[in-house]
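What follows is a pair of complexes built around subunit A, which joins subunit B in one and subunit C in the other.
And then the complex of A and B:
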């Protein structure tokens, strides 16, 4: 039984890129992946020479792959990288991924700052879920976004890089379509433009999740493949399964969804959120009188 | 032919037609190929590789959402 070989050499293929029909061996897959991420960063003008970049790391394959590629570019582009890790307080899950993230940052020589929900908000995610009827992902999304921005500002970062991949982007687009939430749909593609919000970049936004996982495995990145114990709660899980079923029978459909969204974006500008104001409680940028984080925190505080 | 499939801590045996590919084994198990990576004898393979009687494949889930 003959092995299936790479489209570029005689080595055994480890990946079939179904949307183009190309097969890659380990070496050519890593080359292709890193080149495409760099092209994505150039295309969207994500980096400027000499910038300080905060990199959100969780210990998972997406964030550590992002950090790995940025660290390969750091010297050439004179980038000053700072990894930022948020400890949400999820028992039997987060401790192991924190360890992996710390080890990898040490290996790359990138300084790491850790902030926790417990220290900054007084409540770990596990406790918040017990105190409220709300879904864990609601607290996690709002609190994590706030802490990442706070940390990036405190560190003086010009940009904040996250590990969002193509699947994450496409899931968010479809979720907002399905909910009819056009304001959020627009926000995915257009920066809010507040001085208090560190601009975000997503170097992996055009890389399918499967390719990111393969890159991490083949590059020897010590990433966790554990799924968050709260992930099953989310609407995202249903949307993800639906999109992957579509991709299986129509290779390339994730790219079509992203491209379609990018074409539609200029026509959706009337749904762009009005200018942000300052939260009456904490001063953070907010679309309403008070920011979502302060409103959620109030729900968790027993009334006097 | 019979193929052994290891998924995390679980082990399963699947009956497929002779010369079946890894993709066909995944289909028989109801696993979406977009969500996994396949290993055969510790080497990552493409899903269109054909398997032999008694092959042992490892299925690694790539999803880490939340």
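And then the complex of A and C:
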């Protein structure tokens, strides 16, 4: 049957890109995917020749795919890659993914630095959850972001690459639209970096989650597809389902959401100016007087 | 049972406002509703003493409720109200609603001006649909907007009030976010008016559709609840259902969407400047070289 062959060769197609109508075989899908990620990096000027790039790896499909593509570019662009893994301290989950990430970094010849909540903050995530009323994602998000930035600075990285894909971005954009949270809406898109904050890049930001999963699978990347046992942000889950339903009936709408947001951003640049201060306790960039990490840490420390 | 009495008196409650937890009896609901609409008009400086206000009426709950509240304010604020009705030419639908609107205007002592597509453009909506591939809503939206503005200008109105409620506003905002349509996103919220364009006000923009329907019902307003037979904008229908689901699990989210949009708007003011031009054919304000109404009219006129 003609309609199940690749749009570019006679091989059997394994993927139909609904919003463009193109069909790809394994080889052409990988080719398309890597090319598009490289174009994204070029368009947003994510990389400069000779830079040291920290790559946040969790062992999942997104971060390992990001690392894989960056390592393919490393020689040509003279990049110095450093994988950074954060061990939050989640029993029966993190150990396996750490093993996978380590193995893959060794395979690619990329040095891996591991930082743990326990060692840096004195409290593993499992313990923090028991000590507090807050949900795990609150601690995890704040502490992980801080440690990733600390590690990238300590390693002297020029940039920090994360595995956020199109779905992650679009969900965050829509969540902020719906909540009316202008602060986060702006922070999401404008990341100029600062003396204290390593600029972050998101090479997969234009790639749908489905395509990233397929890429990892077809490229033989040993990624974990396991969900974090704490995963439970019910509002994000709701928004994700909603956007996926919309995409079903309006193929390409994830891209229009992203494009619309990108058109908005330049007008919001003047908002940025008043958004960032320095934490009174640790000096890290903060939207309030003290940064979220310091406030959460205090909650975990019994007062004397 | 205590929990079914009004929060403000001992009467039986007929409405629970989920996002605030308040319960209202008939009298207190009407009181709350009218007060909040007046506050909205005050906050957005919609009215000035002594103005002539055109009120777009369709015979539905939104426009007749708007007219009802404005007429209650008319004496105090020395307002000169003129109801404006557009007869699109929709068989088996419009006639009944026109009758209702006429009756209500007479009851309130507000003069009513009726303009029809047939008389002004030479083509009723039913005919336009038969002559063209386009769907009815495209013609109707463009032509109705134009006639409402023409009528308001001819009557010398300072403002044109429409019945858009919170749900209408939020649906339009979210549709534009999702489509990435910055042009419409801006036009929706910034309406400074111009020499050619009568400034529009939306007194019900902060009132949920459900509350408007209840207000019309409890106030004995003879509003039609019939749906237009052409109603079929599938994307809006999808977005409406989506937002209503979200509101179910996150009471108050319609307000956060509106608030977030209002926080965005001031940053988008500089976008406005390049958005409006004059139609080369009729001189009306237009985002392109010619206005949408002139382009659609041409489609309906057989070329000689």
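Here is the rule we use: the second predicted complex is superposed on the first by the 290 of 304 C-alpha atoms of A that agree within 3 Å, B and C clash if a C-alpha of one lies under 4 Å from a C-alpha of the other, contacts with A are read in each partner's own complex, and residues count from 1 in each chain.
To be clear about the criterion, a residue touches a chain if its C-beta (ideal position, glycine included) is under 8 Å from a C-beta of that chain, and two chains touch if they have at least 3 such contacts.
The model shown is predicted, which means the values in this text are computed figures rather than measured ones.
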Given the touch rule stated above, what does A:218 touch, subunit B (first), subunit C (second), both, or neither?
first
Mind working out whether A:270 is in touch with subunit B, subunit C, both or neither, as first, second, both or neither?
second
If we overlay the two complexes on their shared chain A, which of subunit B and subunit C does A:155 touch? Say first, second, both or neither.
neither
Tell me the contact category for A:197 with respect to subunit B and subunit C: first, second, both or neither.
neither
Of the two partner chains, subunit B (first) and subunit C (second), which one does A:177 touch, if any: first, second, both, or neither?
second
In the superposed model, does subunit B or subunit C contact more residues of subunit A?
B
I'd like to know which partner A:253 touches here: subunit B for first, subunit C for second, both or neither.
second
Applying the touch criterion given at the start, work out whether A:261 contacts subunit B, subunit C, both or neither, answering first, second, both or neither.
second
So which bits of subunit A does subunit B touch that subunit C touches too?
234, 245
Which residues of subunit C touch subunit A in the complex?
174, 176-182, 185, 235, 238, 242, 245-246, 249-250, 253, 256-261, 263-264, 267-268, 270-271
For the subunit A and subunit B complex, residues of the former touching the latter:
1, 3-4, 12-16, 23, 26, 60-62, 137, 140, 168, 171, 208-210, 212-214, 217-218, 224-228, 230-231, 234, 236-237, 240-241, 244-245, 247-248
Residue ranges of subunit B touching subunit A (in the complex, touch as defined):
32-37, 43-50, 52, 60-66
